[in-house]
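Pasting a structure below so you can have a look.
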Amino acid sequence: MVVEKIKAVFIEEPQFDAPVMVEGLPGVGNVGKLAAEHLLDQLEATKFADIYSSYFPPQVVVDDDGVIKLVNNELYYSKADGKHPDLIILVGDYQGLTPEGQYELSDHIMQLCRGWGVKTIYTLGGYGIGKMVEQPRVLGAATSKEVVEAMKAKGVVFSKGEPGSGIVGASGLLLGMSKIYGMDAVCLMGETSGYFVDPKGAEAVLRILADILGVTIDFTDLVSKAEQIDLITSKLKEIEAPVEPKREDLGYIG
Amino acid sequence: MVVEKIKAVFIEEPQFDAPVMVEGLPGVGNVGKLAAEHLLDQLEATKFADIYSSYFPPQVVVDDDGVIKLVNNELYYSKADGKHPDLIILVGDYQGLTPEGQYELSDHIMQLCRGWGVKTIYTLGGYGIGKMVEQPRVLGAATSKEVVEAMKAKGVVFSKGEPGSGIVGASGLLLGMSKIYGMDAVCLMGETSGYFVDPKGAEAVLRILADILGVTIDFTDLVSKAEQIDLITSKLKEIEAPVEPKREDLGYIG
Amino acid sequence: MVVEKIKAVFIEEPQFDAPVMVEGLPGVGNVGKLAAEHLLDQLEATKFADIYSSYFPPQVVVDDDGVIKLVNNELYYSKADGKHPDLIILVGDYQGLTPEGQYELSDHIMQLCRGWGVKTIYTLGGYGIGKMVEQPRVLGAATSKEVVEAMKAKGVVFSKGEPGSGIVGASGLLLGMSKIYGMDAVCLMGETSGYFVDPKGAEAVLRILADILGVTIDFTDLVSKAEQIDLITSKLKEIEAPVEPKREDLGYIG
Amino acid sequence: MVVEKIKAVFIEEPQFDAPVMVEGLPGVGNVGKLAAEHLLDQLEATKFADIYSSYFPPQVVVDDDGVIKLVNNELYYSKADGKHPDLIILVGDYQGLTPEGQYELSDHIMQLCRGWGVKTIYTLGGYGIGKMVEQPRVLGAATSKEVVEAMKAKGVVFSKGEPGSGIVGASGLLLGMSKIYGMDAVCLMGETSGYFVDPKGAEAVLRILADILGVTIDFTDLVSKAEQIDLITSKLKEIEAPVEPKREDLGYIG
């Protein structure tokens, strides 16, 4: 069964009406993962598929009861409620370990998206800037000038030369493939130091995405997580002398 | 012949009645390998298959007579004797060199297991804790809460957050795939420093496994090996000042 | 679609009459890339295909408007004008990340070339010599003695033992495969320090190639880029003490 | 054409009568390569096939005339002359870059061998011992006790625990696969420091092999190369203080 390099195991096979896909996998500051997971919690979204792959680490994770799970990516949905459209949310423990694995995993998702009639994809990530940031901006990149303009109207920042090194990983590939497949796609990148898991960056990304999608979000949990991180980092500041961040650690990985 | 990436060469094709599979491949402290090899010695188990793979190192091993053998994994069996069920034991020189190789090798084993009607899989390994341990505990992880409870009754320790980083390698993958294939599986991890080949950890694991399986084991050889290792390490302690173990060296690799 | 490891997407499918292929992908001093890109600018060549591959980095690049593009190689053509023959030019962001990827990408190009009836291939690159060079020579390597003689007559230098370590990457593979496929091919390597993007090396290569192909080139832009680089490097010389180049950094990568 | 991962291009397709295969690819001290190349020079053997592979480096080599060749392995033959049997000799620039590549290349050779009715394979290599050696022994490893005994009678040394780490690469894999395919095979390993290309080790290996095969060899060229190396190394000794060799650099790679 798992002998294919990528295997989607469906718990149910929902029908969608012009759905929107949101991706939030691990990356810089785990901004995308935090945002997507908070979104699916708030929507009380339903898991409908597990994606296993030999491109992920050969590993199981163990829960608090001692019960294991093969590492995977997971697909959730939340049906349209009159305010927001049908939503499909992709989250997971890992991205593919190799470039080839990342291409094949993203292409697998794209083919599922095409089958469901997905029209727009939002990929979420962090944009590492190497220093603490009080009011993180949300930077964007998109598949066409029309989408760029629409995103600017929503407060997304498009800044020449940012991110200079492009967008690496699933957040980039889903964007690049969407363009080839003829779908609209946007990457939303929350500014983050890149040193910590960053709920503040996730909040910034999700505020804009919620507005775009027509979703109402309670940010209490994310804000509280952000305050905990702030507390830890301010204590660290007292203890340690500031260290100059290494430039190469801060590249954007979506 | 060997051009397939994985090739099982059968010496005989035994029939099994609801067999139990035990895996013990190289890993932390070689705990799993030592335990499985001692089990098959004690059972005078019969080798029935060699597994070759281009995922193993491109290497032959040379025996004391100068005769070579391509590196491999090996399958042994011991038929039910009224006390223990039909047993299949997987041992070997190496695990797959790449994540993809590890997935494909484990999936190959799983498909063989399904063909034989295997109901339960025990994977054996070490749990590196970075310091010498007098009375190693045996930690567990399993495919369901029911199996966790059954193992607790046998003295297996399920401790929240241990192993925190999950279970990597064959011991993890066979567990994860068992859950997907609908089989019961348990990983038994003997505590070990992680610095030496550890017969004491192997003994701890095998005492519990022997009780579960209904096998009678003479531990003399393992105990004697453990005493040799103790002797060496106590001499080393006299010579060397204690060194703080690096945390990252101690991750569990099953 | 992109699920194949290499996928050429054609914008149009031009017919060619005994065309000549010119390759200039990233490499030492980006000499080949600069030369090929300047050639296609001067010819106002037409893009007719994008080549995507899972052997490239899993990445999109973002333009100044915030619009993305999956990293790729690109094919341009310029039809015969009475002076030069039908020309096909291969440029791109990256070469394949792995040896296997490099072989498969080059073989893909070779098969396209065969379909188009390509008779001769020119691969362009830099030859790193580890020091600044005022008047870069253009070294060559070719598929036969006849082609070597023809190139000598055009001013290409064939120097015993240079490049000693062979020619690595697309510039080498296209040459090696041409020989097997029965096509003529030449690698033109402009001397370069190997420390900077080097428009001077590119100019030297392109002057010879333009003469061979019968193309008229305005070198103003390349000369001006070279002057900028000269300015930067002479300033660097004032600031920094000279550093002995590491020998291993200077291998030829085509 | 080259799109297969391994492609043998035949110049002619000779018929063989119970041929013997000799392999000498790059490895420790290049002992095996030097021995096999000297053998084919002395036999004035005929090249009959080129083996290309995407498992080799993506590279061409350039000869003194400036003419290139894609890196490859090559097959030569020398027909039986009443003294020696039909001989097939495998030499080359490189071994496969990855474990998987090494397995697939060796399996490709084994399948060719089976087609030709090869009964015995001799793989040649060096055995790195980390110090200069005056009278190199030739160590052996073989597919069966019978072959071990036959080789002992020819002066091959079989020494318990040597080589302790097994035999890695083509020399090992061809041996291991021969055993599975039911052919006899021997690895002959000439002792060598492992620090230099070692014609002395090659001579030792070839003297024994020539005796086994019934081939008359003039060793003048190898002896003269060995004297040059001796000269260089004795000069180096005068200049440099002796350096303790790193143990891990000396593993056997066949």
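Should a chain be cited, it is by its letter among A, B, C and D, assigned in written order, with residues numbered from 1 in that chain.
In this text, a contact is a pair of C-beta atoms (placed from the backbone, for glycine too) under 8 Å apart; a residue touches a chain by one contact, two chains touch by 3 or more.
Fair warning: this is a prediction, and the values are worked out from it, not measured in the lab.
Bringing chain A onto chain C by least-squares fit of CA atoms involves turning it by 90°, to the nearest 5. For chain B, the chain whose average C-alpha position is most distant is C. With centres defined as mean CA coordinates, chain D is found 37 Å away from chain B.
Averaging C-alpha coordinates per chain places the centre of chain B 53 Å away from that of chain C.
Across the assembly, chain C contributes no residue that touches 2 or more other chains. Pairs of chains meeting the touch criterion: A-B, A-C, B-D, C-D.
The touching residues of chain C, when paired with chain A in their complex, are 1-3, 5, 9, 52, 54-62, 64-71, 97.
Note for the complex: chain D touches chain B at residues 96, 99-100, 102-104, 106-108, 110-111, 140-145, 148, 158, 160-161, 163, 166-169, 172-173, 175-177, 179-181, 187.
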